[in-house]
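Have a look at these structures, which come just after this line.
Below are two complexes that have chain A in common, paired first with chain B and then with chain C.
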Partner chain A sequence: MLERIGQSPPEELTSVRARDAAFPSPFKSVLEYAPPARGTWNIVHTGMLIPQSHQVFICADGCLRGVVLTAAEMGTIDRFSSVSIREDNVLRGDMEELIIDGTADIIGKLPYKPRAVLIYTSCIHHFMACDLPRVYRILRERFPDIEFVECYMNPIMRKSGLTPDQLMRRQLYAPLKPRPIDGRAVNIVGNDLVTDDSSELVRLIKENGFKLREITRLKTYDEYQEMAEAFLNISTFPAARAGGDALSQRLGQKHLYLPFAFDYSEVEDEYTALASVLGCACPDFGPRIAEAEDALQRARAAVGGMSIAIDYTAVSRPVQLAKFLTEHGFAVTDIFLDAVPGEDKPSFDWAREHLPELKFHPTVHPAMRVRPRGGDETFLAIGQKAAYFTGTDRFVNMVEDGGHHGCDGIVKLAELIEDAAKVPKDARSLIQMKGLGCGGGCCG
Partner chain B sequence: MKQTASIISVYTADVSGVASSLFELGGMTVMHDASGCNSTYNTHDEPRWYDHDSLVFISALTEMDAIMGNDEKLISDVTDAALQLRPRFVAIAGTPIPMMTGTDFEAVARRVEKNTGIPCFGLKTNSMHSYLSGASMAFEALAERFCDKKLFREKGSGLVNVLGMTPLDFSVNGSDASIKSWLSGSGFEANSVWAMGGTLDDIIGAGRADVNLVVSYDGLATARYLRETFGTPYVVGVPLGTDFSDALSEELGRASDTGEDSVSYDIRPDGWKPEAVIIGESVYSGSLAAAKWLQDEIAARVICPLETESGLLSPSDAMAMDEEDIVPLLPAGGIIIADPMYKPVCPEDCDFRALPSEAFSGRIYRKEILNFINSEIKI
Partner chain C sequence: MIQLAVYGKGGIGKSTTVSNISAALADAGVKVMQIGCDPKADSTSALLHGRKIETVIDLIQKRGRDIPLEDIAFEGYKGVICVEAGGPTPGLGCAGRAITAVLELLKEKGAYERFAPDVIIYDVLGDVVCGGFSVPMRAGYAQKVFIITSGENMAIHAGANIAVAVENFKDRGYATLGGIILNRRNVKNEDEKVAELASDIKTGVVGVLDRSDTVQDAEELFETVIEAFPDSKMAGEYRALAKSVMEKCGMEVNI
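After this line comes the complex of A and B, so read on.
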């Protein structure tokens, strides 16, 4: 039973029409609320993708709490340890020793020997100017057969350069050691979710005889190290792009950024570029586009009179998706995001002109806590936050582009929309699970 | 090495204790932090988050604001939110970086209160102490700010304030309602429950209570404040099991008559030999030890990994904060009653009996957290 306090907030606090929205931040940065949609991955989930690795977090208990329980809920608590920072560590200035001795103590207690140890330092280390190079140098001397990976849980730096999410996706490949380049090997990098085998991306690589490696598909640390052989890295998720650049520069690999696009011409351009680098023919997209159009038509029929709401956690280009669906006859009325992604600027400009009544809503503004959820309007939501805020049980349960790509991805999404329209879901249970697709799952 | 946890969880921190203790009272809690504390709290520590629109926010502190000491943004943002949402009070709680930069929470609170006319208090949490510390601060602040000082203790009325009740220790399994029922059935009446299943108005009227019942360590400081302010005696204990609940109700009656404070659960006989170990919060675990003794004649030693006072433990009990200190105290072959996330560090041949705690394992075992208030202990 939902218990509400006070009155509903004025609409201007919780929505702005496209015609009036500012780019890239339609809403002022104020206090933040955290809605209970938890499907996106965090730095623990992502770090666990390195096979045979162990994580050590060094921070205050309040910061440890969320990451410890993330590991527990995903069933990997045996690959997770922690060192608590207490007041006397801050006052004594012995932070370097705390990390070194704590990590050594943990390694000594582990019933197995990890191939890599990911050490996550926190905001405190940054503010204390902790000598991390010294810490890592000593640990590497003491444990020469373990790779130590510099990771960060420093959200206070989220507006100072790369975000913690971007850093994590970059550091995910930091242990890779240079190897001779294999011109027949390709990596997809930086994704939390395995890219669909049916996607044109995977098919183009495999059907032309290239070896494909993706961290989500690997089981051993040795297999992981083989990623250093690839001549080409492909990133598809915006937060992975910087990591793809860094890795490719370090290992002398090529890098292509090919985001999941809701625009057939952009899809074709991406695959033309990829085919050129692979030295193969670009597939004929005519049949795939026809297939996508059929799937969209079926989805459109299933959705009927429902309004469509989209959030930024489901797809990395929510405004482009809104444009695409609108052009296919769907009634997209609401988008939940706190900032418009840079890549969405052209679609945002289009929406201001062609869809001026489209409503943008923040997800973290305090007023969203008491904004009524549900009502007379029937929604189909794409994304967990959109489902939560619209109060609907008809939603596409998807995060981070869902592993989809190309025209095949559009077909998949259309099928998910069709299914969501036909089959209600238990939003309360589903959206509270952390790390959708990580293999764990727990909710209250 | 102390401070390391090779495999077990950590108890939730003071800042979550603040939010949990104030959750149902119509206020607004602001965690002054970059990010993460709020989502950790509402994901793992707060079972009421989905269904109850309590106002708990984070200030979204940035590196630049921290370095430049820009408290004006915090004051401005809290003021705006308070004016928009009109909470009955505002609590602002600290985390590690504000501790390092020396944020003056009392001054920030004064400014917000002046701007809004809404009672506001700052709490010097830093995420390095347990939830008990934070909840204790918050309850005491509530008592100081809101309890009507014009009231008098109504001796012999049977009115009881229940102090220190949050889902972190009691989950949301009906324990709060059961305590009220037990009080009614024992000739008492709940005057206020701090703070589940009650209101801020109940707390305002706390001064008229005959006796205070402290059900966790985080209620003790408030009990002392209420004794000092209203002369109300307190009894420490949780009514677990039927026999111990009866004993506790007698102790409440005694406190009502004599005006003396007491810890109700140190009833294990002299020279007892521990057959079991209970790991957990001192008041709940001590009460459980007493209840197990009366119900099953199993003598249990309490290992408290959290803040407490020696007076809340028996001489044979132990305080052990870190995995390294706890492990040597766990008996091979004996009964260990603890949160399931302690099991990996327990001897393989022990008789492990699960006693999940939201404060330790969060929501993972929530459905297995049983309500033992005035009922048989089934572990």
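After this line comes the complex of A and C, so read on.
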């Protein structure tokens, strides 16, 4: 019997209640679908953060579409090149020479000389066991004044070892060369967005006389290289943690992982740890917590009877945020995520017990393509995917924690929720733009 | 740390020979790690008294890459560290990719530092048919490649192909040819044919193994000849071969 395409999928494919959800993967891994909410950053956006760099993608033409559109859309197509792999290259076995000669050809034709060239190899190089260390050795010998950065567009490997996102954030700092360590310099590493100047994190560093560097704030390659001087790297985004650890091993810098937390005691613990490393006093969080509580109260009043839906692209700890908002009187009903982050395990356990009816939904399951969006329930969404799947125009347009941190971050988020509740947005036009906050060519 | 790879046509006796070399070296107090790079996963069988060990590829498929080294490497005869790379389902998948994945995983896990062997021997399936099969001879892996052959035409043909691969890679800092191991099948003009191969590929014959029932007798006991029949003539040939191979790798061993 023919089945009508597009009818509502069975609920069990698109939804599981907290009480029944498995940790860390509430849903089966199947063929994947990408919803048209594109604000998250990809490997092109993140790579462009290295000042005065150029990107070379080596792959089959069919694999280029997404990345070339990203480069064009963000206004950095002049910093983007590609080398096409054809079947002949596979049969002749000249895949390594293709990378070397193709990259050399591109460098020779560029109207400027990049300080760093990011080479993105693809799945086929790894299937065919190309000797990439040899490729990079030859390129470095041929162009000693250019740093070649090993990058990967290798989605086939994304569920083993480090994810492409983690690898990209690690490789972002691979060109840093060892320098004498400066005990008064600190880096924030691995974030795509500038950390708010008003955050306690930035203020604690700056107000105690430390020099703060963050790749998102730098304009030149020389400034970027100065990041190697910092005695301390701070990562706040989960996918950046592996990169922070790698820098510790390679450059001997200290590393503190201080994620954006929705829990006042955790925030205080993080800042106590940071203050101890910096050798300064920890801020008094009493007034800041009061400020956050006021902001949350205002947001709560503005939200009224709307249900709250959260997605994992807006905040790195969506379940902890659900717990926090629930404890502040919000009606959190839906979370869109494909896996529960490890950091969210305690909140996940809490939700199973205290919010058993909370619904988890996947974002990549193909059934989500035909799941009805919108309906009688009025949602306020935190995140683009949550906005898309709930069909609401009242949403917080934010990705990757939005550059927020500490109690200041909670205040900012509460203000964004309040604003979203009061002012509807043009969701369709906003969420289809790739790389929210990349600024279109601002990065180099 | 010396690393060497042994290549040769399928069925020519690579695993038997390599296991006996490992056992002879272990007898002499050398710490050896033997890595079987063959989907059949029987390279180290004689060193483990026939015990089947789980292959690294099987473990990766079941558990992802988060596997402790204890589950990958097993201690065999006199402390020889045994690893079986394994491979895909016959007729499906990519054996070359499997070898690459396993050797990358061993490096990633720090297996070489953890076990700190004096000698690593890669027992590699057949011919160098694709990039994956060349990984054991690349920079960072084997310094010397040895080819096992008999006087049979197909074995000589495979040996010549392996030598071509080594030659193709000579400017890359990969392994160089260590020599030929003649595993006699008693075919007509065997020694002459293998000597001609050695001459053609500009190398020498580093050891000769006679055809002997002792090898099969040991196999039936699930042991190496070195362990099962230490006083036999074959055991002597394996010891001489082990000594000669290690000399080619720049290591004097008192066997």
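Throughout what follows, the second predicted complex is superposed on the first by the 434 of 444 C-alpha atoms of A that agree within 3 Å, B and C clash if a C-alpha of one lies under 4 Å from a C-alpha of the other, contacts with A are read in each partner's own complex, and residues count from 1 in each chain.
Please note the rule applied: a residue touches a chain if its C-beta (ideal position, glycine included) is under 8 Å from a C-beta of that chain, and two chains touch if they have at least 3 such contacts.
Everything numeric in this text was worked out from a predicted model, so none of it was measured.
K.L.:
Taking the superposition on A as described, I'd like to know which of chain B and chain C A:391 touches: first, second, both or neither.
P.N.:
Neither: A:391 stays clear of chain B and chain C.
K.L.:
Look at A:109 in the shared chain and tell me whether it touches chain B only, chain C only, both, or neither; answer first, second, both or neither.
P.N.:
first
K.L.:
Classify the contacts of A:51 with the two partner chains as first (chain B alone), second (chain C alone), both, or neither.
P.N.:
neither
K.L.:
Pick one for A:73: touches chain B only (first), chain C only (second), both, or neither.
P.N.:
In the superposition, A:73 touches chain B alone.
K.L.:
Of the two partner chains, chain B (first) and chain C (second), which one does A:93 touch, if any: first, second, both, or neither?
P.N.:
second
K.L.:
A:127 in the overlay: touching chain B, chain C, both, or neither? Say first, second, both or neither.
P.N.:
In the superposition, A:127 contacts both chain B and chain C.
K.L.:
Kindly classify A:24 by the partners it touches after superposition: chain B alone (first), chain C alone (second), both, or neither?
P.N.:
neither
K.L.:
Once the structures are superposed on A, label A:155 by its partner contacts, choosing first (chain B), second (chain C), both or neither.
P.N.:
After superposing on A, A:155 lies in contact with chain B but is clear of chain C.
K.L.:
With both structures placed on chain A, which of the two partners, chain B or chain C, ends up touching more residues of chain A?
P.N.:
So, of the two partners, B touches more residues of chain A.
K.L.:
For chain A, which residues belong to both interfaces, chain B and chain C?
P.N.:
126-128, 159-160
K.L.:
Considering only the defined contacts, which chain B positions touch chain A in the complex?
P.N.:
1, 3-7, 9-16, 26, 30, 34-40, 42-45, 47, 49-64, 66, 77-78, 80-81, 84-87, 95-97, 99-101, 126-130, 322, 341, 344, 361-364, 366
K.L.:
Would you pull the chain A residues touching chain C in the complex into a rising list?
P.N.:
Within the complex, chain A touches chain C at residues 93, 126-131, 133-134, 159-161.
K.L.:
Can you list the chain A residues touching chain B in their complex?
P.N.:
Residues of chain A touching chain B: 1-6, 9-10, 13, 29-34, 36, 38, 59-66, 68-69, 72-73, 77-78, 80-87, 90, 98, 101-102, 105-106, 109-110, 122-124, 126-128, 153-160, 364, 366-367, 369-370, 428, 432, 434, 442-444.
K.L.:
What does chain C use to touch chain A in their complex?
P.N.:
Residues 60, 64-65, 94, 96-97, 99-100, 108, 130-132, 134-135, 138-140, 172-173 of chain C touch chain A in their complex.
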